[in-house]
Every structure is written in structure tokens, then in C-alpha cells.
Amino acid sequence: MLKICRRETFNAAHRLFTPGLSDEENRAIYGPCSNLNYHGHNYVLEVWVGGEVNQETGFVMDLKVLAEIIHEEVKDPFDHRNLNLDCPEFANLNPTAENIILVIWKKIRPRIDAAYSLELRLWETDKNSVYYNGAN
Amino acid sequence: MLKICRRETFNAAHRLFTPGLSDEENRAIYGPCSNLNYHGHNYVLEVWVGGEVNQETGFVMDLKVLAEIIHEEVKDPFDHRNLNLDCPEFANLNPTAENIILVIWKKIRPRIDAAYSLELRLWETDKNSVYYNGAN
Amino acid sequence: MLKICRRETFNAAHRLFTPGLSDEENRAIYGPCSNLNYHGHNYVLEVWVGGEVNQETGFVMDLKVLAEIIHEEVKDPFDHRNLNLDCPEFANLNPTAENIILVIWKKIRPRIDAAYSLELRLWETDKNSVYYNGAN
Amino acid sequence: MLKICRRETFNAAHRLFTPGLSDEENRAIYGPCSNLNYHGHNYVLEVWVGGEVNQETGFVMDLKVLAEIIHEEVKDPFDHRNLNLDCPEFANLNPTAENIILVIWKKIRPRIDAAYSLELRLWETDKNSVYYNGAN
Amino acid sequence: MLKICRRETFNAAHRLFTPGLSDEENRAIYGPCSNLNYHGHNYVLEVWVGGEVNQETGFVMDLKVLAEIIHEEVKDPFDHRNLNLDCPEFANLNPTAENIILVIWKKIRPRIDAAYSLELRLWETDKNSVYYNGAN
Amino acid sequence: MLKICRRETFNAAHRLFTPGLSDEENRAIYGPCSNLNYHGHNYVLEVWVGGEVNQETGFVMDLKVLAEIIHEEVKDPFDHRNLNLDCPEFANLNPTAENIILVIWKKIRPRIDAAYSLELRLWETDKNSVYYNGAN
């Protein structure tokens, strides 16, 4: 049981708010993250995959393949996008870092062999990050 | 002649485009940076001030004062904002990194004693940055 | 079960020594960290809180609230201080990175809802760090 | 149960290939990492040791001692070396990041008291890393 | 006069030595960098281009174009290569960081409009780097 | 004219104050940096040396020699020290980042051949740094 990690980035705009609340109520909860016209981040994503080392290749999994999965599931749809407006996953879901990592999990988990574990870490800024490993 | 530097960050959304060009023409020039609904970055700004060391304080300039100037001129108006929509400086100016650093220069230069030199470096991502020292 | 993380820093002086040992004995154990007149570090602290995502806010916990707790419990009492002389927690406790993280744990744990997990990572330098999650 | 971490680096050359495969077959699996004349990396290693805090020293383990072990077992034999040609551990073992971390584990684990846990993280580049904690 | 910067990386093997000197003599000058079977680095390159901001695009120069030039002149020929054996530029030139940056300068300078200034910074490790701006 | 750079670190305690001023007056100028019992930093120093590339070695200057000079002049006397109490250079000099870099300059400049240029950059924290190149 060894884990490999691939780090990729994407740059996106978002706005945090709860539909049905007034702007003042949203500002009370989300602060400037609820500003009406969006702001943005350089998101940094680490994808960890754990499993046995293949005795022929010396790889748990080819990192090029993992990078391609991340590009297809995360970078292509989210990079240089507005998460609220451009990404159907967030049409009815507040794009907090927590919800972004859960969405990414749902997209990447089916692409990775079920025999492998999967863990994600996502930085929104140098100070703020989230982690998810599928545990309930 | 010694220089001091303060580093601050701001998180903003923007979109690059030339008014009057079609979406296809803008995409040809700006790539995904011209996507209609904005994307965003964690901008990192370094402000360098050069001058003589005050013999009483041992400071070129109090970094707390420099930090306050950066907050007032950059962080307060740009952080968690959409540069195109929220910031009048970019109402008619394409918010490329080059134009952002020129705008910041115009805002900070008058706040710093003319006896001091001023240099700025701005990172849009880990790979892309710009530098300006006022030279023509 | 998702974890959020907030990173904060504090700059402090300290000296490592065991009371009752001679300076030579302390130097044999702690090396230059036992130098009599103190030295210091830019400490970096990561605070991880794990729990369920609130369906209304999309937050495990408001990071602003977590940042305030870290400021009150860690940054206000330790930043720009001498841990040995200024901080009663270390009046009779050697301020090794291990003991600092245990002290921070005791201060932050009661401030976080017991339903949440808590993990801490503390860097003393780029090369040296410690981790604690409350396990015995 | 608290963990301490020491970070060290080593700079080495390597080439990935499976003996018996043609150059084309190796290139299909390993890409440019199979280039015949080697390439290289600045490897970054984190060694985590977990155990009880010694009440006399306030240390889980003296980080200077841990650093010496890493120097003797990793830095002295691997730094400024060609892993394939100079290091007997890889004479018949493909020096993937996975196999390198397993080799380092086998070298460091006997040097650390069995009462302590051991975890390793190894970065090959900023984007690629591996983790191992001895689990099967 | 504003400068833009693009950062790219390449991973290569090399060995430092002066032909005609004995191994002992080379070791006396280059230390372990002269080890016979090569070692390697994750090189980090910053390319700075200075010039006027184009009033139509808001760019000094399109960073995508600059990135392509770096890929063609540096990343394609040097990445995952042995500088001594694979790269004709170093067939008779010791691949010190100084000589590598001079070679990169000669390759990139003709690709950039002569109206623009050019500066390069190259990191061999986190501790060692070089800078060149074409000055004699 | 090419520049090489070596980066080294030292961890020290200090306190900023002007002798003859009251604690309140010092606090008004230096804020918490004037706290009576000292605080500390992980200082990061970059030393840049510029000159011609030696055609035999491919070096401007051997970085090992430069590292030794930094160790002798900066790391040995300042690392794990209290700048105010342990270092005679600051017995009558306020150890601001500005004054520290000027002291380091005076110590390193005579150790470097006068044919070479010398530039220093010193970080006190990730946000605060200073630069000096000997210019008046």
C-alpha cells in the first residue's frame, strides 16, 4: 500500500451565496466571498491514489494517466471558468472549497480503479485548504 | 540606498478582451482568458521602496505604514472583486497583468515620498508575473 | 467527513533547556538551541478541523471563525513573544516543537465543537515540523 | 503519539526501464523517463517519526539524530549519484519514485526504534510525489 | 518599459568536469558534481522580457508565445536529457549553471524582438541560482 | 557579467528599540517588535556575486567557497543567537532588517574579490524583506 500524488492547478471565478437569502444575509455568512460580481482563485489540487506497486512497471499507477484524468475531469471543465455560471455541477450548489472538493471526488472516483484508495487536497489560497478521502 | 519590500495578496476575478472585437477574435488573442463569464486569480504583489536608512529608527520606511498603503490602495478596492465590473480603473482598460501593475503604480506612487524609489512585482500565477519600476 | 485547514504564522523567541542541568549538559542534549540568550523562529501552524459539511452553508466550519480562534489562542499570546519568559504555559515546560504543539492543542481543542476532529501541524523551520491529532 | 518530521534533499540521475523490453516498448510505458542517457531530479524527502514525547527532553526523538540517519542512509549514498549505475539497490530495480521510497524505507526502518511509527514522503518534482508508511 | 516573466522547468542530468584533468583534479574543483555517472536537477527557469505595453492588447508580449519559445528552445531539447551526452551545446562545454544560462540566452535572444530586453534566472537547486541579462 | 546566488538561513532572536526612549515610545515606533523579552525569525539570506565566467571552470565563483564565506561571516556568528545580546555588531545598533543587511554587507564585501559585484537580499518573514547592493 503506497500512495502516489499528482498536483495540478486551475484558475476560476466563484461567488458564495445561499439562494433565497438577502445580500445582507449572505454577506453576514460569507463576507466578501459573497460579493455579487464574483472573485477568483488559483486553485491547487493534489490527487492521491493508493495501491500496490506493479512489479513490472514499478508504478502504483502511471502518473501521466492520472494527470490526464485530472485534466479531463477538473482542468478542462473548471480552468478559466466561472464555477457558478459555467459549470453545471454548481448550478444549484454553493461553490465553497468543501463543495468543490466533493464534486471533484465524484468526478475522479469512478475514473480510478476501485482497488485503489483516493484522497484529495484542495488549496483555495495559501492559508485555506480542504481534504477529503471519501469517508462518511 | 537600500530597498525594503512588502508582500501582500488579493483574490480577484477578471476577463481579458478588446471591446469591439468579436468573441472569436478575442479568443484568438487572449485564449481562455477571454471566457465570457470571468475567471480569477490569487494575485501576489511585492512593493519595493528604496531610500536611505533613517539613523534614528533603522528603517527606510515603516513596513506597517507601507502595508497600510497597500491595503488602502490595492487590497481594499481589488480583493474579492471583479476587476472588470467592480473597479472603475478597469472600466475602459483591459485588466492584463501589465495594466493591473500600471494601475497599482499610479495609485501607490503618490503615496510614497518622492525621495524614495518604487518598484512593483505582481504574480498572476506561479508561472506568470510582471515587473514595473516607473521607467519609460 | 471532510477536513478544512487554516494556516497562520507567529514569530517567537525560545530557548531549550532542562532546569537543573548544567549549560554543558544542556548543550549536549539541545545543541545551539540551548544558547543562553534565546534564538527564534517564524513558526507556521496548520489547524485541521474535520466534520460534516453543513448543507445550508457548504462549510464544515467558517474559516473566519477558525482564524479568530487561532488568533485568540495562539497568535495574540505567542506572536512577537519569548515563549520561555512571556508565556506562562512554558514557565515550567521546555518549548520544544513537540511541547508547543501540545500546548496549542490544549488551547484550541476546547474551542472546537467536540463533534469535530482536530489535527495540528507546526513548522519550526522548513526542515523541522511536528504533527499532533490528540491520539494517545 | 506525536509525529516529528525532518526534510532533506538529494540530487540524483536515473532512468526508468524494464530490462528485456525494447527501447520503443520502454518509451511506450515510461515516456521520456526512459531516455537512454538518464535525466535527473532534486528529490525532496520527508521522514516522519511518531511516538511518545520524552518527558525529560520534550523530544519524540532528537531531530539531529534523525538528520544523521537520513544523511547516512539516503544522502551519502544517493546524493549526486546515478541511481541506476552507482547504487546497488537499483542494480536490478527500476528507480521509480515508488521503488525509491520503498528502498529508503528498508534502509531507515531498522535505524528507528520499533516503538516508533515511520512515514515517508518523497517528491520527484513539484507535481509528482509518493508516500509510504509500511502498510501492506 | 515593463517586464513580463514566464517560469518553466526542465529535469536533466549532468556532470561537471574539465577534459584533460584527472578524476582527482576534477573532484578537487567540482566536488561530487564531477561524479562520473552523472547526477541531476529539477531546473527552474525564469525568462523576463521587457518592453512597451501594446495599447491594443495590454500585453508586452503574449505569454503563450513566450512559453512556446521556451518550450522549443529549452524544454524540448533539454528536458529529460543528459546535458553532457544528449545536447550538442554541451559537447565541448562544461554544463555549469553559468554555462547553461549562457546557452539558453543564445537560443532565446534571437527569438525575441530586439526591441525587447531579455533577462534570465536559472535555479539548479533551492540554494543555487544564476542570473544573466546579456551585459558584458 | 553573470551573477550567481547562494541562499542560506539563520534563526535568531532580536528586539527593536531606540535607547533612551521609553517603552511606550518604542512601542509607538516599533510595535510588538519592541517587546522587551525578544522574539525571533527564520532569516533567509540570498548573496549574489556578479562577474565574468572563468573559462576553465565555467564558474563565476565556486558556490562552495561562497557558502563557506556565508557560514563564517553570517551563519556561525548569528545562527541560534540573540542579535542584541550576543552579537557585538548590534551592541549599539538597532537590529532592523535594514541594519542587519548592512552589517552582513560589511562582513561579506571584503571577503569577495573587488572585481565582483555583490548584492544581498534578506527575508525576515515571507512578507518582509530588504535588498542592498552597496549603492549610496
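As written, the chains take the letters A, B, C, D, E and F, and residue 1 is the first residue of each chain.
The criterion applied here is as follows: contacts are C-beta pairs under 8 Å (C-beta built on N, C-alpha and C of every residue); 3 or more make two chains touch, one makes a residue touch a chain.
Keep in mind that this is a model prediction, so the values were computed, not measured.
The fewest steps needed to get from chain C to chain F, moving only between touching chains, is 1.
A count of C-beta contacts for the chain pairs A-C and D-E puts D-E on top. Rounded to a whole number, the gap between the C-alpha centres of chain B and chain F is 29 angstrom. Distance from the chain B centre to the chain D centre is 41 Å, each centre being the mean of its Cα atoms. For chain E, the set of residues that touch two or more other chains comprises 126.
Here the touching chains pair up as A-B, A-C, A-D, B-E, B-F, C-D, C-F, D-E, E-F. Across the complex, chain E is touched by residues 16, 18, 29-31, 93-99, 101-102, 126-133, 135-136 of chain B. Those residues of chain D that touch chain C in the shared complex are 1-8, 48, 53, 56-60, 62-64, 67. Residues 9, 11-14, 32-33, 35, 37-42, 79-82, 85-86, 125-126 of chain B are the ones that touch chain A when the two sit in their complex.
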